[in-house]
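Going by the order they are written in, the chains are A, B and C; count residues from 1 in each one.
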Amino acid sequence: MNAPILEADGLTKRFGALLVADRISLRLAPGARRALIGPNGAGKTTFVAMLSGALRPDAGAVRLAGEDITAYAPHRRARRGLARTFQVNSQFGPLTVLENVFLAVSEATGAGGGMLRPAAAHRAMIERAEALIAELDLGAERHQPVSAISYGKQRVVEIALALASRPKVLLLDEPAAGIPSAEAARVFDVLDRLPAEMAILMIEHDMAIVRRFAAEVTVLVNGAVLMSGSPAEVLSSPEVRRVYLGGGAGAARTRGGAHGGA
Amino acid sequence: MNVAAFILVYGLSYGMVLFIISVGLAVTLGLMRVVNMAHGAFAAVGGYCAVAMMTDWSVPFPLAVLAATLATALISVPIERFLYVPIYQAGELDQVLLTIGLVFVSIAGLNLAFGPNPMPTALPRWLEANVDLGPLVVQNYRLMIIAAGAVLIAALWIVLDRTDFGARLRAAVERRGMAAAVGINVDRLFTVAFALGSGLAGLGGALGYQVLPLEPTYPFKYLALFLVVVSIAGLGNIRATAAMALLVGLIDTALRYFFPAAGAFALFAILIAIQFWRYRGAFRIWY
Amino acid sequence: MAGAGARFSPLLAPPRFGLLEALPWLLAIAAYFAFPSYLSFGSGILIMALFALSLDLALGYAGILTLGHAIFFGTGAYAAGLMALAGWREPITGALLSGGLSAALAVVVGFLVLHLSGLPQIMTTLALGVIFFEVANKLTSVTGGDDGLQGIKLDPLFGVFDWTVYGHTAYLYALAWLLLLFLVARRLTASPFGLALQGIRINPLRMQMIGSPIAFRLMKVFVISGSMAGIAGAISAQTTKFVGLEVYSLNTSAAVLVMLVLGGLGRLYGALIGTAVYMIVHHAAAIADPYNWMFVIGALLIGVVLLARGGLMGVGDRVLKRLARRTP
């Protein structure tokens, strides 16, 4: 196995007396397609927050391409090639799709601080934004405010913002969450066409998506890794079934079911 | 004259007035999460009504204060329904702007109704009379305020901790969504709480009309003070607001006595220091 | 947020001076000739417009909630006044130096304020404003206290133009500064930096996640805004030849906020229009009664928040849209 592009090493986090992350270790190789599953409250989003820098771990380390980024602020990690989407839509609503993507491109290329030339004059960056928009099939909406387009298309913009920096590692938090079935195909299409060399970690509750998309599955329960393996192995494991799929507070569901936090 | 006794009595009475007025703001901020810059306007309305009743209609002080408090609470209901309800879910900026607009309107209104000059601060004879406490000779007025404040604190404690309404109010403050889900009529609760808070402000304005003299710019003039008390105490924390108001009254009076050069800004410097300490985590992450 | 919907759209409309944009400036020049007895009032509008413009950068674009922007205005005013009284009578350098001092102040204030948001941010800026006011009030030997700094004298502008009693030089001086700094603000807001500021206002967490060093960006705009406000204060001191405690008051901080919101946040021209409307209403209504104008302005403010989001500029947008729909 080649050197991992993203490495979590014993990440631990406590909120008061509650242990939400218990020495979680995980390795992502370049090109990985990993799903992170687990019952509600298992600590998935907390884990991703520690990877992206929104939360500092109490113990443990995060390494990106060998570099220790544990102490880095979120924007520094983003500049190093780590991108993240959010479970609840988190774009720049009043701004247009093009402006949203342009922002992501300009910050990724380090030109976001440019004060002298008008944004409209940065042809190269506009073209790069337009290209990404075209690739994601958002061309028709590119001059509309993001808040005005359909929810499904907003989720695609969410992914676009992460892709604009051409990241080495992409962290997706339930990318298809809340999308009506009719529009879900669009998001799946985007996921299928993601670059092969990009490492992807996806939090998911929907087993159909996990089966379709993931090459490897990691199960998180009560803040600790229960097991890791291929989708077939994990989803047929009796232990996983008992803890996760068997019912109770953490029952998995198929599309259209109730929505819970991770 | 015993200095300690002076500071104690005058500081406490000043603090009590601040408390009575600010507790309503603590409720609005804590419960509705509304940045209410117009809170001082309700205190002014209460004060003006009471003084006007006393001077124009010779209404005795206790009755005037009571009537003024009720009037303020009543006036607050349509204001809450029409102006505050739309901004409950709005951002802080919108709330600040609308309530500042309300302050402007109230100042103009007060001027229209009562004229630009400060209202008389003369006290009824029984309050003006002095009482010899031994270490200090003090007006009944000051003692009355302290007593009224103490009664109010006790009453609030009972209402909040011992009644159904209080329980519902505290529930709604802590978990609004949950409170609505278990059938608490949050809208009506808000209206009642707002009327309660504004009524208390009116009460404070009426009782304290000599401590905080009434003039048209009253709503704006003392706004910073009320906001500081509530901000340092922590939003919605009624007990802390009481403690903080009394502390502010004492410290401010002591400072004016010992360091008149320090002026009012010591209080605000403390606020900044406290806010910095409170959000030091955010500061560290920021940089 | 009031005015958040309407904003300058940099990628769609690269900044070019259209005829509509030239209108306010032409009006300002026309006023110079049409109202020769109102020039000092006019200068006052131009100065406050510059102040409101500085606030638009911080609040309208970057979303920094401040009820204490008078800190920078007042510091610029007192700095310029004291410089002139001490002997440095060249106006342009005086204004620049005052702006520089305000910029330095902005760095210090920034460290206290920029990492906060919401009510804590409002309260801290408000408290800082009160502190500055009280300190200025107490340091009577420096500020003149209630009496203020009086008898400020300046050298003729460019060595040629005298400061006449009627305010001809003052008006054009203020207008020139406003135009210059407006062009700077325009360039700034049309740049990627300007767009980033809007992003920070709308969703700071997301901005961090796409790689934006938001602390650095906010500090930059805060310093620029503070120095602009400082220059506005300096011009005020230089043209009115007086600096009073009012420059540090909460009234001033609140008034400039109201002016900006009335005109429309995040539109740059909103600062100009809102200031003009506010001050003209104030002037006209105050003739009858010193408090009447508060009624109108207060009602307008409530109206803007509840109905006319985007202030006067927003209303103007909607009118233009309707007209565009009607023309075949």
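Couple of notes before you dig in:
Definition applied: a contact is a pair of C-beta atoms (placed from the backbone, for glycine too) under 8 Å apart; a residue touches a chain by one contact, two chains touch by 3 or more.
Fair warning: this is a prediction, and the values are worked out from it, not measured in the lab.
Upon removal of chain C from consideration, the remaining chains are partitioned by touching into the following groups: A | B. Taking each chain's centre as the mean of its C-alpha atoms, the one that lies farthest from the centre of chain B is A.
If each chain is reduced to the average of its C-alpha atoms, the one that sits nearest the average of all protein C-alpha atoms is C. Chain centres here are Cα averages; for chain B and chain C they lie 32 Å apart. Mean C-alpha positions place chain A and chain B at a centre distance of 48 Å. Separation between the centroids of chain A and chain C, computed from CA atoms only, is 42 Å.
Residue positions of chain A with contacts to 2 or more other chains are 73. Counting only residues that touch two or more partner chains, chain B has 285. In the complex of the two chains, the chain C residues touching chain A come out as 4-5, 7, 9-15, 187-188, 190-196, 198-199, 202-203, 205-214, 216-217, 220.
Chain contact summary for the complex, chain B toward chain C: residues 29, 35, 83, 86-87, 90-94, 96-98, 100-109, 111-112, 116, 216, 220, 224, 227-228, 231, 235, 261, 263-265, 268-269, 271-272, 275-276, 278-279, 282-283, 285-287.
Residues of chain C touching chain B in their complex: 1-2, 59, 65, 67, 112, 114-116, 118-120, 122-124, 126-128, 130-131, 133-135, 137-138, 215, 250-251, 254, 257-258, 261, 289-292, 294-295, 297-302, 304-306. Residues 52-54, 73-75, 78-79, 83-84, 86, 90-96, 98-99, 102-104, 106-108, 111-122, 125-126, 143, 161-162, 164-165 of chain A touch chain C in their complex.
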